[in-house]
Structure formats: C-alpha cells, structure tokens
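Presented sequentially are two complexes of subunit A, the first with subunit B as partner and the second with subunit C.
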Partner chain A sequence: MSALKIFRDLFSHNGEFAIGLVLLLVVLAVAACSFFSPYPPMDVYVVPPDVPPSWEHPLGTTSRGQDVFWQLTFAIRNTLLFGIVVAILSRIISLFIGLISGYKGGWIDRVLMSINDTFVVIPLFPILVLFYFIMRDQMSWALLAVITALLGWAYDARLIRSIAMSLRTREFTRQAVFSGMSTGKIVLQEHLPFVLPIVFSTTMNNINWSIGIEVTLSVLGFTDINTPTIGGMIYWANQHAALVSGIWWWVTFPVVLVIMLFIGLFLLAISMNEYIDPRSRLSRLGGQA
Partner chain B sequence: MITQLRPMPPSLEMRAPQTAPLLEVDRLKAYYKTQLFGVDREVRAVDDINLKVNRNEIYGLAGESSSGKSSLIKTVAGAIRPPLRVVEGSVRFNFKDGERDIYKLSPQELSAIRWSHLSYIMQGSMSVLNPVRRIKHAFVDFALPHVNAKGADFTNLVERHLKRVHLDPAVLQAYPHELSGGMRQRVTIALATVCGPEFIIADEPTTALDVIVQKGVLLMLREIQQELKSSVLFVTHDMAVHANLTDRLGIMYAGRLVEEGRTRDLFKRPLHPYTAHLISSLPRIGDEAPKKGLEGSPPSLANPPPGCRFHPRCPLAVDICRREAPPMMEILPGHRAACHVAQADPTRVETVG
Partner chain C sequence: MRAYLTYLSKRLVQFAVVVFVGINITYLVTHMTPIDPVEQSISAATSFGSTSPEAIEMMRQSLRQLYGLEGSPWEQYVSFWKRILVGDFGPSLSAFPTPVSQLILRALPWTVGLLLVSTLLTWFLGNLLGGLAGYYRNSRVLRAFGVISMALKPIPYYVVALVLLIIFGFLWPVLPISGGATMASDRSNTFAFALDVAVHSILPVLSLMAVGIGGWFMGMRSLVSNVVTEDYVIYAELAGVKRNRILGSYVIRNALGPQVTGLALQLGAIFNGAIITEYVFGYPGVGSLLISAVHAGDYSLVLGITTISIVAVSATVLLIDLLYPLIDPRVEAR
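Entry: the complex of A and B
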C-alpha cells in the first residue's frame, strides 16, 4: 500500500486524522504567508497602531505599529521551525542512545540509562531559566533549540531501548550477528525500521512539548525577544498592557493559532498511533485486545 | 510418520572415507558458567564430545530437549556468547582452501568463513527473516558480503538459486508475512545455501511445519546438499526425520554423545539402551502393543549423576555404571557407543525396549 493511499484512507475514515490534518494545513498556510509579507518582521511603526480588525488589517494592528496578521505569519513560522528542529535533534539523540543501549546491554546500557534517568528527573524549566540568566544576550533562538533538544530526549530513549531489547533476542538479529554484520549496521538496517513508526508518532508530541516550552519562556521574556515568535508576540502585548487597554486582537489571534497547532499535532499523533498499533484500532471497534 | 529407512548411498557402504573428515570435534567441552551474587554455577551442556563429519554427508544429531544439542552446534558454528564458553577441546574444519580451528581464528577470519564455507539454518527459522524488511534485503544483508558478486550479478545469482529451491524469484520483493510457512522455510534454506557453503548446520529447521510441508523441505534440503556436495549437521529430536534424511546419526544424552553410527545400523541394532528406548518408542505399522515410556527425566546438567549419566534410568545398569563414565568405543565397524554393558556384550541391549 502506498503512503498516499494510506493517507487518503486515514483522511476519509479517521475523523481525528482529518481534523488534525486540516488544522495543521491552516497553520502551515499561515506560516507560508510570511514569505509574501509586505513588512519586514522586525520593523515597528510601519502601520497605524491599535487599529481593530478591519478589511485593511484583517487581524488588526499592534500598539507597536505592526500588522498582527503579517507579524503572526513570521511568529508561527519561527515557532514551528523551533519545534521541528528540537524534535529532529532530540530524536537523533534518543534513537542513538536507545538503540545502542538496548542492543548492547551490559555496562553500556547501565551507563547510558543512568544518564537517561538523570535527564528524566531533572526539573526542566528552572534549568532553562538558569541558562537564560547565564547567557543573557547570547541566548539566541538556535541555542535555545539545542538546549531544549538536549533536555528532551530521555523519555523516548527509554521507549526505544525497550523495543531494541526485545529485537536483540529475535532470530534475525542472531542471524545478522552470525553473518558478521557490525553493530552499527544491525542497529541501523535491522532495528531502525521497527522503531521508526513509533518515533514518528512521538515526534509530533515532542514538537508540541517544545513549542510549549518556547512559548512559556518567551511569554516570560526569558528568550531572545526580538525574534518574532508566538510567545514573543504575547510578551510584547503584555508589555504594552494590551488586554487592559482593550487591544484584545494582539493576544487572541496568536493564542488561537498556537492552540490550533497543538490540537492538530495531537490529533495527528493519536491517529498515527492508531494506524501503527492495531490493538488500539480493535479497542475502538469495541473488541478486546 | 516413520515409513522406511532411506537406502544408503553406495559411497558410504562399509568403507572409510578416503579424504580427511570435513569437521573434527575433538574432546570438546563447552559449559555455561555464571557467577551471580557470589555463587558459581556451571552447566555442562557439552561435555567431552568427539565427532567427525565427512564430506558430502548428512550427519544427524538426536536427543531430547536439554540434552545439549543446540549448545553443541552453536559451539561448532563458533556462534557462542557468554555465559556459554569453550572450556577444552577444539573444533576443526578442513575446508577446500585449508584447515581452520574455529577457536583460533580472529573475528575477521571467522566472519570470512561464515556463509561462504560454513552456514547456519537457525532454530525457529520462521522468525529468521526481519518482518519489516523485504526478502531481498535479507539476502543483501546476510549473503552479499560473502560472495564475489555485486549488483545485477548478485541478483542473478540469488534468482538462480531461488529457482533451484523451487521458489519464484518474485518472493524477493515480498515481506516475510506474505509467504506461507513452507515458503519462508525454503527462503531461509536458500539464504543459508546461496553462497554454496561446504558445511551447513541445521538446527531443527522443520520443527514448526506439518509433515507434508516438512517432507518437501527435507527433500529440497537433500537435493541442495547433493548439488553442492556439502556436508550437513542436522539437529532434531524427531527420529522419523533422522531415519529419512541422515546418513550417520549421533545420539546425545545429558551433554554427552552416547552412540554414533550409520543411521541404518543404529535403527537396526542400537548399542546403547537409551537409543534402544528412543527407537522402540517410534510407532510402527502393524505394531499394536502399547508403548512404554522411559521412567524419570534427563538429569540436571548443573549436577549430573556420577558414572554413566544414563544409569538412574537404565534397566541394564550394573555396578560399574554408577562409578565410571563409559568411554566412547567402536563396538561394531563404524558404530560407536558409550555403554559398559554393550562393550562387554553387544547383544544384551537388544533385550531392551
């Protein structure tokens, strides 16, 4: 079955997938609009400030003289990119650690898993805030992505390790060892295809998680506030007391868009899960797994 | 399902092979050694085994579960990992391009002889194929590094070989779950024989199949063996399969080889009481007498009984059996057994069973 056909079937038979996909496509379309923006994202006072939504400015303008819609296109693009970069980086780490640890076992497993467990239990948010206070002006968007990725791989590494441990005892692994395949080849060619669907599903949750981190940090101003992001927009709105002075559109639209992104990714993740794990499909039909 | 004994090929009829045996296992001892919480445990899965496998021969290895069959062949294949360790003895192969002692080779040399000289059909070979990869990838992963062919040449080689085992080359594009059990078994055998190995180890390759498919797979295995002129070490606890397939047969009991000879001789005239019991347990057409089971169960290999390991269950056991382990001795031409009673008087064993 080709990937396209799977997509079509999921879309027509799985409501969650359909809604999730539509929401995600809307968000992606908004992000894509940033390439056609008439205003540079960093410039202020390019339009009259505090204009409510109108034909000319569909989502209104901010107190800093920026068009909310075009500002939003840049913000969502950066936020989404942040989530994807974090997800990819942390996926690479968790795949590497999980597969090696599960396949090798022994002291390698013990060392890697004690590091892993350390990352599971350390409180994330204070550490990120701490990083901001240490780095201050050097705290760029890319650096924050790397730090978040370094903190966000541990849960999945454990999940992948448990799968790799079961794969290690299967006959085809023994056959591969007997035929003289190296550890790297066994892990990459024989075991990676098994974990990829699961990784695919957790990736979307990880994007959600990292966007949540980023929004929280930038709402509080603990990031590089000059790069337009969803959190950054809310930060500036708070700075100008937008809600008090009745500029509700400055806060509402970024929040609505990021919620759409959250829900879209979440629905995609659970419908993917259902596609990957036939047992959850069965329980949905009322059967017993 | 036993029907009749396979007629013996004339080449094996009552004469010693002219060339050196392909495989020589010499006083091999391989134990599982573990040390947990300060307690040492030693399980003597392979204990002092001598055997030879000639060229162009199917050597069968029989014995009940936990008699050390699988440990022995893993040791012979050099595919052991801790806690199983070789304690003593050697495993030597006389391949066409030179003699090799498996436990004196570097990992690279060992990997080089695998598949091309020595291949292994794994136990539970239904699951030897990776379920998420196409069959062609299994060939590429396992066999490609061991042959002198690349790209289209390799594909041709594999396709020709698949036709030889009566499989459509289209299976290369399939996933394992799309094939039937018998086809999957053929694919695994094709995988093990594609490089034309001189020595093939088969660990219960047909256990999960029904008798009809089993017969087809066994015939195919024999066909391949005769075409490649290779030797096969065939392990199963199914005596009927041994009777139909193997040229010579070794019987294992509690980690030791207790009897060895031409399959035909062994079935006709077993020299060890254990073998006699095994054979008398097989159903025979026209025989309506109820079958008697052998009392007791095989001993723990961590703490085997002294003397002959079979003596607690042996109806013929005499005093010496409880004290001294019998050596493996040639009693009839080409027929060895480790039994004090049979060594004194080979006719006594016939009363058993």
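Entry: the complex of A and C
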C-alpha cells in the first residue's frame, strides 16, 4: 500500500486522525503566514497599541504596538520549530540508548537503564530552572533546545529497548550475527527499521512535551524573551497586565492556537499508534486483544 | 519474605542511584557551564549604581566560597557533596540571614499537602472512572468523559491553570485565585482556618486534576477492557457473582498494578506541574519559592530547592515501590 493511500484511508476512516490533521494544518498555515508578515517580528510600536480585533487588525494589537496576528505567526513558527528540534535531537539519543541497551543486554543494559530510570524519576523542571539561573543572559533558544533534548529522551528509550530486546531473539538477528555483521550494522540496518514507526508516533508526544516546557519557561521569563514564541507572547502580555486591563485578545489567541497544536499532535500520535499496533484499537473498542 | 527482601534491596539501590545521578547533574549544571556564576551575580548586583572596587572584591570572595569554587575540582566536588549530605545550603541571599533549609521547610507543607490531595484524588477518580468505562462500555456519560479528558491530557499545566484563572478570576469570580489562605487571617480558630485553606486550594487542585485525570482514565480503561475478556471474569459472570463485586475485586484489583507503577513513574512530572500551578495561583509552596528565588538571584536557595526536590521525589517513588506488594502480593524480585 502506498503511503498516500494509507494516508487517505486514515483520513476517511479514522476520526481522530482527521481532526488531528486538520488542527495541525491550521496551525501550520498560521506559521507559514509569518513569511508574508508586513512587520518585522522584533519591532514594537509599528501599529496603534491596544486596538481590539477589527477588520484592519483581525486579532487586535498589543500594548507594545504589535499586530497580534502577525506576531502570532512568528511565535507559533518558533515554538513549533523548537519542538521539532528537541524531538529530533532526543529521538537520536533515545534510539541510540534504547537499541544498544536492548541488543547488548547484560551489564551495559543495566547501567544504561539505571541512568534512564533516573531521568524518568527526577523532576526536570527545577534542573531547567537551575540551568537558566546559571546561564542568565547567555540562555539562547538553541541552547535551551539542546538541554531540553538532553533531559527528554528517557521514556522513549525504554520503549525502544523493549522492542530491541524482542528483536534480538529473532531468527534474522542470529543469522546476521553468524554472517559476521558488526553490532553497529545489525542495530542500524536490521533493527532500526522495526522501531521507526513507533519512534514516529512518540515524536508527536515529545514535540508536545517540549513545547509545554518551552511555553512554561518563557511565561516565567526564564528563556530568551526577545525571540517571539507563544510563551514569550504570554509573558509580555502578563508584564503589561493585559488581562487586568481588559486586553484579552493578547492572551486568548496565543492560548487557543497552542491548545489546537497540542490536541492536534496528540490525536495524530494516538491514531498513528493504532495504525502501527491495531491491538490497541481493539482494546479501546473493548474487543479481545 | 525472602523475595520481598530481594525486592527491597533492589529498590534501595535504585533509589541511591537516582539520587546520586540527580545530584551529579545539578553539580554539572552549576560547575561545568562556561559562564562564571560569580561574575554573573556581581554584574547583576552592580548594575544599579557604582560600587567601590574593594567592596566588589569582598563580594567576589564570599560568593566564590558560597558557590564552592575554592580549591581543585576534586575538592570542590567533595565539599559540594558534604554540604548536600548534611542539608546545609547556607544562608539565603534574598532573605538574609535565614538559612535556606528553614525557608524550604516552611514552604514544604503547602506543596506536600497540595500534591498529596490532588494526586490521590486524581489517581483514585481516574482509575475508578476508567474502570467503570472499561466495564460498562455502553455508558454515554463515561464516553463523553473520556473525550473531554482526552482533550485536556496533552495541554500543559500552565495553560490549563491560566484558563482556570481567567474563568474564575475574571469571568466568574467566586473562588479565591491567589494565595494559600486569606492574608492576616485568624489562625486561632482551627476549623475556620482549615476551611479557608481548603477553599484556597480548590483551583490549584482542580487544575492539577484536569491535566492528570485523562492519563489514568485511559490507562485503566484499556487495562480493564483487556481483563474483562479473561476466562475467570467470564466464569464469575456465569456463576452469578454480582457485577459490582466482579468489577471491584476481580477486574480493577488485577488491573491496578501497572497503574501504581505508572504513578511512581509520573511523580516527577506531577511535581513539575505543581511548581507551575503554585506560581500561577500564588500558592506559598516550594514552587513559588523557587521562582521568586530565581528572580531575586538567590543561588543557594535555588540549589537547595533543586536538590531537595530530587531527593523528595525519589524518596516518594521508593515509598510507592515498597508499598506495591500490598496491592499486588504476587510481586517477585524482578
């Protein structure tokens, strides 16, 4: 079955996939608009401040004299990009740890999994805050992405490990070992293709998780607040007490857009999981699994 | 008993590893960054007006001692551990000369109380409703609940808390949106004070529950829908055991194990959520303390809270693991 056909079937038969995709497409469309913005993202007082939503400014303007809609396009683009970068980086770590740990077993597995479990258990947020505290003004968007990725691989590494463990006992692995394939080659060429689908669906959840971290840290002002992001927009709105002074559009639209993104990605992850592992659909319908 | 002792010792080793690695991460973060935290603090402190060079030098000296930057890297590492083991994080810079540990101890009951109530309520309700939804598959109410909780699940704590704050703070102001109790309230009347604290905790607890409940609900629902097809459940149904009894003692009991393990794994994330919730609702716990410490540039307080959170969360996970055999007596030394 071609990829396109799978896609079409999922869209017409799986309601969750369809809703998730539509939500994500809307968010992507808003992000794409940033390339046509009439105003540079960093400039302030380019439009009259505090104008409610109108024909001229569909989502109103901020107290800093920025158009909420165009500001939002930049913000969602940066936030989305952050999530994707973190997801890719942390996927590389979790694939590496998970595949090696599952294939090698023994003490390597035990050491790697102890470290893994530590990252699952310890509260990461205080560590991120501590990190910001040390870095202060040096804290950049890229640095935060790297640190978040370094902290956010553990859940999925365990998942990948469990699949790799079952792959190890399969015929073809034994044959590969006997034909003299090196560990690296077995893991990359023989095992990686088996785990990729599940990695793809965990990517969505990881994007969600990292965007949540980014939004939270920026709202507190613990990131580079000059790069426009969703959290950064809420931060500036809070700084100007937007809710108290009745400028609700400054807070509401970023929140609504980011919620759409969260729900869209989450629904895609669920439906993707169902496609990869149809038993989970059966069990959700209540059938025999 | 033997199996339990093996299980116990394995969990204790795991606890030690988690704390060891966690503290080492905080050490790495504070000592291996290319930024000199002392110079950062000094430039922050001297940015408002001029300070004499002698005063800056004295400040640099005392800050270096405080940050543990004296001596060779190994000596620094050892003295870092020494201070952590005795729980001495020095005096707080922002609330000088109150010791950091005292500040944390004052805030801890609020956080522990908030977490305990919200986590237990979320876990209990989520599992109960999930169990019911898995067993009574045709109930419309439970299906609707599933859809709503699924929509809430992926949204981060901050956004949910903010939405609740907007609703109850500005659109329909019936609940207190800030603080842990009414300011300057009369604490001699224990009952009234307890009621006041409870009312103030409604919104924080609600926001923590809104995010958390979906995961337990969905997990329990799929676990239960697997268990109900087991032979012993069908046998019990045919034998005419009451449905409530089947659900409680046969189905949910057997599906509970993974959910307890899940609680242990989720605890770190739940704690992160509580920190943010406290900040949004101005709740006087560890989370608000942490964030105000960052704004005040109070290094020893930030480090103290980070370390204590790591130890406290891992200790709670250990406690859950040790209680696990009570729920599932089949536990073997895994």
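Criterion: the second predicted complex is superposed on the first by the 285 of 289 C-alpha atoms of A that agree within 3 Å, B and C clash if a C-alpha of one lies under 4 Å from a C-alpha of the other, contacts with A are read in each partner's own complex, and residues count from 1 in each chain.
What we mean here is this: contacts are C-beta pairs under 8 Å (C-beta built on N, C-alpha and C of every residue); 3 or more make two chains touch, one makes a residue touch a chain.
Remember, predicted model here, so these are calculated numbers, not experimental data.
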Subunit A as common anchor, with subunit B and subunit C clashing or fitting: fit
Contacts of A:177 with subunit B and subunit C, given as first, second, both or neither: first
Dominant contact partner of subunit A by residue count, subunit C or subunit B: C
Subunit A-centred angle between subunit C and subunit B, computed on Cα centres after superposition, in steps of 10 °: 100
A:131 touches, of subunit B and subunit C: first, second, both or neither? second
First, second, both or neither for A:193, with subunit B first and subunit C second: first
Which of subunit B and subunit C A:120 touches, first, second, both or neither: second
First, second, both or neither for A:105, with subunit B first and subunit C second: neither
First (subunit B), second (subunit C), both or neither touched by A:262: second
Shortest span in Å between Cα atoms of subunit B and of subunit C, once chain A is used as the common reference: 13
Of subunit A, residues touching subunit B in the complex: 170-172, 174-181, 185, 189-190, 193-194
Residue ranges of subunit C in contact with subunit A within the complex: 14, 17-18, 21-22, 25-26, 29-30, 33, 35, 37, 40, 44, 134, 137, 150-151, 153-159, 162-163, 166, 169-170, 221-222, 225-226, 228-229, 264-265, 267-269, 271-272, 275-276, 279, 290-291, 294, 299, 302-303, 305-306, 309-310, 313-314, 317
Complex contact set, residues of subunit B against subunit A: 77, 79, 110-112, 114-115, 120, 122-125, 127-130, 132-133, 137-138, 141-143, 145-146
Footprint of subunit C on subunit A - complex, ascending: 114-115, 117-118, 120-127, 129-136, 138, 205, 208, 211-213, 215-216, 219-220, 222, 234, 243, 248, 251, 255, 258-259, 262-263, 265-266, 280, 283-284, 286-289
